[in-house]
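Dropping the structure in here first, questions after.
The letters A, B and C name the chains in turn, as written, and every chain counts its residues from 1.
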């Protein structure tokens, strides 16, 4: 879908920002341009939509040489999101999101519905936000509107330059999760720039690691961690490759079916009996719709006849998409040491225990001893 | 003395009105010219690679500002006379007022356009806006409040300068002041002084309102919602 | 560099015109003002402006300073508001009222210029001192500086550039106002301009107008230069950084 062929960029003062870069991004692929400051990742991405002119080489978008297209037409067909977002402060959220549709002369009636659709997609209530101004939004909200705006005219390709860079880590993790969810629904071809290895591993289908304008390695996250091409890659990825490898798993990949699940009207003695039989000292309490309510411990069973009363409320829950390393941190905060996995409405999907984690880690270290890497 | 002035007001309201209208007319014409020329120049010098030019233009305009109005009138009279154009009355005053109005407008237009958050321009360009679309849909709307502030400055300042221009025959509220000085008619002096001051103050207040009204809604600082 | 060329060129041009006009001796039946008269008028002009400015600075800065003190916080908005409104008032109106109330002549002119010239100085002194970062003052107090030391070493010094800018505005405007004061018999270069207009001889007008313009430009550049020299280097760097942001 996007093909870079021997792309080079040399500035007037002689700086070689990009040297003979060749790579191809497949349709629907989420490609990360990764590297330290000055490696040419942003320059490369910006040459795709001709914001920065190429010195030599060719770039093809959907088979067409970008130089053969009118630059403004080209850009209107590509979504563009940057770190400082650049929301237009004098326009409402709706007008911001509808900018490219407006440039493409969509009928005015469609602007509002499209903007509402996209706000919904990024998890914001259209009724509340469509007519607000950027100055009235928090940082995380502004970033979301920025994402919605780049999806405005439903472009097949997105270019994103550290779009989640300017916010706090907690909001950033949330936005990354949500964006991954969105991407799984809409399957855009994405070129995404970041300097953060963790973000790259979490988000990307393939990672292009650049250094001083040259492509060092272009592979999926597991291969990057598993088979680093050289010393630079190994160092950039970091020594804690096993822990980083945890990022490659998501909660849904390793969670268990809850071994013991009860509704509130269950008899405590039945519960106790089942616990003894299964040799577990904990169980999970759900409502009639299988929404997770809390934990039951064996020791508390004799304290009351009502399961609801002795139940311990969950301190944290997690979604099935959460990377395993984040899940581990959450587990440390869990009320009883296990972590429930729930969907958007709170329905119980599974459970993560330390046992599971321990197994994975020991598997990893075994594999490491044998073939020196993280399991794909 | 004040009583005399008041009496004059009561006896000749028509004259006072006539002077006020003359005054306003001159201000209107001159400032309209200043706005048109000023904004065009301001846009032009804010273009890429024209920093040196911008520097020079703004510097020259600011020197212009330091020249006392009476002196400028004198010099203009000389130049216009040499060109055999009317050297008294409406023309020299309008030219002078336009020249004085140019600095605040050019400077404010230039600064406002330059100071638009570059992320906004980049976002616009990345989304496929042409240069003229960026200018008209992004840069100018965001520059309006500052340009308005400059216009306000220019107009209020020009009211005073126009008053001095009455001396070289342009009419306006300076007339009673000068006549009063010439003939030692204190009532005339006071009527002129008070009315021209009132005019300046009222126009300032009106322009402040206009400034606020023309500021795009999104730019007025508001509170933030929760995430 | 280019700025000095433009500046110098303009001043040279104006002075050249003055000398040329004065050298003409007479135009038609009218005699040009002799060089001595031009010089005397200039001196008088400077006298008026100088006296007025000296008073304006001497009284304006303290007023501006005291209006920033906590004790004055109820009065200061009124004071500063008055200064603002006052500056909106056209200079001619001021001179006119001064002439009417105080009688014509030199004294009325100086008083009018003094009051009018004080306004930007009060305003800038107030703004300049208010613009000093409160954490700087807090640090100073924490280090044990006395109130007097804080005022002189920190507040005034940091506010100096802004105050000087106010003095510059005030002086330049007053050169023009003093010219207008020529009409109420104050003497100075305004008188020459006015005479020229009365007899409709452009050359005489220029004899007064050109030096007045030159005077204003020279004083503006001179005080601007002092501003440059006096601004602490640290502030200049800070300002430049802010400008680039």
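Keep this in mind: a contact is a pair of C-beta atoms (placed from the backbone, for glycine too) under 8 Å apart; a residue touches a chain by one contact, two chains touch by 3 or more.
Keep in mind that this is a model prediction, so the values were computed, not measured.
Student: Of the pairs B-C and A-B, which shows more C-beta pairs in contact?
Tutor: Result of the comparison of B-C and A-B: B-C.
Student: Using only alpha carbons, which chain's centroid is the nearest to the whole structure's centroid?
Tutor: So the chain sitting closest to the middle is B.
Student: Of the other chains, whose C-alpha centre is the longest way from the centre of subunit B?
Tutor: Of all chains, A has its centre farthest from that of subunit B.
Student: Please tell me the distance, in whole Å, between the geometric centres of subunit A and subunit C computed from their C-alpha atoms.
Tutor: 62
Student: Distance from the CA centroid of subunit B to that of subunit C, rounded to the nearest Å?
Tutor: It comes to 21 Å between the two C-alpha centres.
Student: Where the CA atoms of subunit A average out and where those of subunit B average out, how many Å apart are those spots?
Tutor: Here subunit A and subunit B have centroids separated by 54 Å.
Student: Enumerate the residues of subunit B that touch no fewer than two other chains.
Tutor: Not one residue in subunit B touches at least two other chains.
Student: Quick check: in the complex, which residue numbers of subunit A touch subunit B?
Tutor: Of all residues in subunit A, those touching subunit B are 49, 51, 71-78, 80, 82-92, 99-100, 103, 128, 132-138, 140-141, 149-150, 152, 159, 171.
Student: For subunit B, which residues count as touching subunit C in their complex?
Tutor: So the residues of subunit B touching subunit C come out as 1, 52, 55-56, 59-60, 63, 66-75, 77-78, 81, 87, 156, 159-161, 163-164, 167-168, 174, 177-178, 180-181, 186, 189-190, 192-194, 196-197, 200-201, 204.
Student: Which of the residues in subunit C come into contact with subunit B in the complex?
Tutor: Per the touch definition, subunit C meets subunit B at residues 2-3, 6-7, 10, 85, 88-94, 96-97, 99-101, 104, 172, 175-177, 179-180, 182-184, 190, 193-194, 196-197, 202-203, 205-206, 208-210, 212-213, 216-217, 220.
Student: Quick one: which bits of subunit B touch subunit A in the complex? Just the residue numbers, please.
Tutor: 117, 119-130, 133, 138, 141-142, 216-219, 221-227
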